[in-house]
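Both complexes below contain chain A, partnered by chain B and then by chain C.
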Partner chain A sequence: MMPAPMISARSPEQEQFAGALHDMLGAGAGGATTTGAARQWAAGDRAPGLGLWRELAGLGVTALTVPPQWGGLGASPLDLVVCCEEIGHHALPGPVAESLAAVPLLLTALCTEHLGTEGRRDEELCAGWLTRLADGDLLATLAMPPRLPYAVDADAAGLVLLASADTIRLATPGTRHQSVDGSRRLYEARGGRVVAHGPAVTEAIRRALTVGALASAAQLLGAGRALLEASVRHATLRTQFGRPVGAFQAVKHRLADVAIGLEFARPLLDAAAVALAGSCPTAGRDVSAAKVACADAAHQAARAALQVHGAIGYTREHDLSLWLTKVRALLPAWGTQAEHRAIVLAAVGGTGLIGTGSP
Partner chain B sequence: MNIVVCVKQVPDTWAERKLKQGDATLDRESVDGLINELDEYAIEEALQIKEAHEGEVTVLTMGPQKASESIRKALSMGADKAVHLIDDALAGSDVLQTSYALAKVLENIGFDLIVLGAESTDARMGSMAAMLAERLSVPQLSLASKVEINGTAIKVNRQSEDGYWQVEAQLPAVISVVEKINEPRYPSFKGIMAAKKKPMQVMSCADAGIDTSLVGLANAATEVVDFTERPPRQAGTIVKDEGDGGNKAAEFLVTQKFI
Partner chain C sequence: MTQAPAGAAGDPAAFRAEVRDWLAGHVPAEPLPSVDTAEGFARHRAWERELAGARLAVVSWPARYGGRDASLLEWLIFEEEYHAADGPVRVGQNGLFLLAPTLFAHGTEEQRDRLLPRMARADDVWAQAWSEPDAGSDLAAIRATAVPVKGHRKGHGEGGGGWLLSGTKTWSSRAAFADRAFGLFRTDPAARRHHGLSYLLFDLHAEGVTVRPIRQLGGETGFAEIFLDEVFVPDSDVVGPVGDGWRIAMSTASHERGLSLRSPGRFSAAADRLIALWRRAGEPADTAGRVADAWIAARAYHLHTVATAARLAAGGTLGAESSLGKVFWSDLDVALHETALDLLGPAAELRQPPDPDGRSPDGRWPDGRWLEGYLFALAGPIYAGTNEIQRTLIAERLLGLPR
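For the complex of A and B:
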């Protein structure tokens, strides 16, 4: 008997959108493949990667979370999740959770809740940025210390923000730090003029951290899927002792565990997106649970992929390295596993030995 | 301009395609279906013509319920409306019968220009443009790698083995396109959401005035008498290179008449 299919929160349209993104990112743009663009990005040449971002903008990706009055699509958090999962699936370089989720949310809050320190002037400024973000004309990034200490790809972004405690500042890229993922170029954000300040800003920053964590969880799940697919492909083709290595239980069971981890993480991810869409009071907890599950599943996929591939998995030349390093880098980004577990624990009334991570 | 694009749902090109043991028709249930790849170029060309000359793009398909997935793809790429000819009586129709059925629908819905992909990846007949043109008494301009429309005049570059022919005709006409002609767009988020609200007309044989005694497997002009499964791949010959590998490879190619 076939098992009952898991109820999916995703609509046929969302599945179709994921399919279109998969086709586009699989084909590449302007003669550049997505993996090639990720390598070039790491080497400091952003042209092929920006070409892919422009192509994605044509499909509406950069307009998803921007409200319609600024030329956006006002799409749901689940639409964002579907999109970020496919982006992670193809290891697209660039400030994904920042430019597609966190920055649009902060700018929107600034405009609609009138948080600008210089009133109308700042609101018009933010409206302009939102329009350019929606058009795919602007890449944005931000740092939100302590949870998000560095602004990823600040050198490639036209807009850098520094959001901390109750203040949002314009920022410029400071000292560069090395990420394990070469295609993530980390910069300290040097704060400039204050564009918003006050208790309402604290609340907006909290929401931006939540939506950013959701987007990165989706990216992780997509990366985990890519790692599983690559491992299955390799285990089917590579033979040892006269049969494909995937025929051996040690390999087969390991990959089955990976598949189960990813399958069980997805409902948490989708449920968190749905909770966020309905401004559900548990949304923060749900996003934390999703981030923990997706990061765990992706990390398990990465470790299994490395072993299943054998020595070739350790080489930089093999594309596997792009996903291995991205998973390692995204795992603690937007809140470590311990921080997110503490949020879940606190929400269910427990008191842990570890702090919440936020001062 | 009223542009109609005919699309076909085909089994995924990457899946193994098989004939069914019972009636020797293509097994469509056991594999994923998708829109025939060349039809995406036809849709793209129709959309570009519409964008340059105004008008409306209708997508037409004949096939079981599953074929509506292909319609949805075409609508999300930007086609304006769709007609789905669906009737159990049509199952197993060959290319002649399909052209008859499609022509009937096309007479019903009207057209200035019919755009097709050059062939389907499953049956690969590549003759639909000619058959539709004949049945509808309009000119056919097949294998187009470039299309220009000026008023009611249509000019295409017709792909040939060693270059192209320039062919001209007056609208209404049927064209088929090759993959060189354009780069099909991906459905955008907006396009996908808008497709939900676009009109889709479902037609049966009776609605289209199709005589059911002329269509379907039992009445087909062609018949698959017998078929055998492709034999499993044989193990190749392994030649150990002892300094004469080049010669041995050349000898092999000679025996196969490659050189």
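For the complex of A and C:
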């Protein structure tokens, strides 16, 4: 029997969830705005940012991808996408794709597929971490070289993993590297004890890279939306030659192109989440297509935003810099555009027909 | 004799299977001659009648007009199969996708009964007559007039009145060979711009009509100039209220830019052919990114259209956001075909490459089709409101930028 046609995926509940996250991140926490927290995070003061993460935990964000048996919500990849898009929309600092998506997936695989090298001891360890992740007591990060060479925010994370080839190790932060996005504090991961090893681990790592790419694609789309909104605001308020700069056709058309890019990236993102939820064989291809489109759309939004803002956009002072640098940093993270295009080309059969179940 | 039509029953898989089987048995093995030649036009008209005989010409229309009451989703399925089977160009597309939605929304019962069944069978093939020499992107600058007259004309029944059309229409798609046309005319000479326009239908063979075919970039007469000299139109061929033509035409324009004119099936099929061509060319690295992007964009358009169809089916409406899609698909169409031509190398300039191996693996897609498709695609960013007009609409109506 054929499955129902894939239609616009987001439910009213998911739209409400996005709205609640938007309100929360827009309001900030403990007197700190999200942009202020991002700046302080970059300067090494994590307290305001961690306050925001605790607020998010209160809304269920950190529990989303953790299975119910460890106190999580076992939510769908589409819930994750809705959440990460809003996080990207507000440029929240912290290891988003890592702590919300990739690490919970690896830990869950370790428990449910019994991959632990020390058997029950590792499974209990992972179960404990999952419970703490769900509660919002733990931030986690990881490096997965070669595609993800550094562990972002390893200094802020209570758990650092190094996952590569067929092995997962516990790790500690090594040498720090500067990212173009100051709020992404990059560390080499110094590998310690092996917690899982074997062919099944390779498969789990592959899935973790896929879900991480999906989460980062959602962040990019959200960042692109924020950049377009900021551009429209600026173009409406800023006057030159006696009229708002947004009345000039060159500005209008450039921003129209940004809107088009974002509009047509989102269906790919949602479809990838739905494919992943259904363990569809094309899920990897669909996530790669989404990452390519969301990253391109966000990049185009960033270039247009800087140009529309002019010199003020080229300053650190202006908050636009938070999104500009984050988009530049996330663009090649979780797989470069070329890598994801190659995945698409290698996997392409048809483009997917309505109602046939063929993806 | 007609079998019980599938399509309204809501079983997409059965509907798809029926469409696929029928097309497999009926789509001409060799592509028809160009629709923009006299012979090609006649062959395409005959093809439309074959489609209509299988009740596949207008699946989304009510059964009483020759359709199947199919949902938008089923219409999309039909389109996917049609393009995947490389079905002939729809010669009636101006009528089917522009006039018919207008008649459904603004026409009278009498007009629908009289015009739609003939349109479905291609007894009438319709041309559009929007643009004028001085009214292109600035469509509201229309100067062609419709002047009211009393009394009847031969062949138009007793009593009532009508209108005399005068002026020049141009870039009228299909007008070289079509039967009838629809367009906007100034009915109130005192009114300016968008006001005082009316939506009228006229016969291309009527007294006072001169059609001058225009050769397009590809050399064929895909559109024409229409000179009108006091051409009589009865009152029954005014669509909607007199003076309300702009609003009525804009509702059609939204159809033209949005769902109706460009179904995703066209791009999905072309993207699949592009990938096959790229593989045949040895998967050159320098075009890999563009090939992948074309496929991704075709899929994005497909997903977006399905979501839009679902939204419309749930009672939503299509407004300025149709401009997003128009720019997207028309740019995609050009980029996709440009990539294919780059892959063909020096042979890309040939209208009919001689190499017998220059075909898609299924043998149905000679390489020359890419150039033909490219020339066709080049018109996309211009017609139905140039992409510049669309970008301005997006900026002002969707983003809220100042006018």
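Heads up, the rule we're going with is that the second predicted complex is superposed on the first by the 341 of 359 C-alpha atoms of A that agree within 3 Å, B and C clash if a C-alpha of one lies under 4 Å from a C-alpha of the other, contacts with A are read in each partner's own complex, and residues count from 1 in each chain.
Assume a residue touches a chain if its C-beta (ideal position, glycine included) is under 8 Å from a C-beta of that chain, and two chains touch if they have at least 3 such contacts.
Since the model is a prediction, treat every value here as computed from it, not as a measurement.
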On the A-aligned overlay, A:D79 touches which partner chain: chain B = first, chain C = second, or both, or neither?
first
Of the partners chain B and chain C, which touch A:M24 in the superposed model: first, second, both, neither?
first
In the overlaid three-chain picture, which partner chain does A:A43 touch, first (chain B) or second (chain C), both, or neither?
neither
Considering only the touch criterion stated at the top, classify A:A247 as touching first (chain B), second (chain C), both, or neither.
second
Among the partners chain B and chain C, which is in contact with a greater number of residues of chain A?
C
So in the superposed three-chain picture, is A:G60 touching just chain B, just chain C, both, or none of them (first/second/both/neither)?
first
A:L268 in the overlay: touching chain B, chain C, both, or neither? Say first, second, both or neither.
second
Between chain B (first) and chain C (second), which does A:I312 come into contact with in this model arrangement: first, second, both, or neither?
neither
Have a look at where A:L237 lands relative to chain B and chain C in the superposition and call it first, second, both or neither.
neither
Need the overlap of the two footprints on chain A, from chain B and from chain C, as residue ranges.
none
Within the complex, chain C is touched by chain A residues 2, 5-8, 228, 232, 235-236, 243-244, 246-247, 249, 251-253, 255-257, 259-260, 263-265, 267-268, 270-271, 289, 292-293, 337-338, 341-342, 344-345, 348, 350-356
Residue set of chain B touching chain A in the complex reads 72-73, 76, 186-190, 192-193, 195-196
Contacts from chain C onto chain A in the complex sit at residues 12-13, 16, 73, 76-77, 80, 268, 271-272, 275, 278, 283, 288-289, 291-293, 295-304, 306-307, 310-311, 321, 324, 327-328, 388, 390-392, 394-396, 398-403
Where on chain A does chain B make contact in their complex?
12-13, 16-17, 20-21, 23-24, 58-61, 63-64, 73, 75, 79
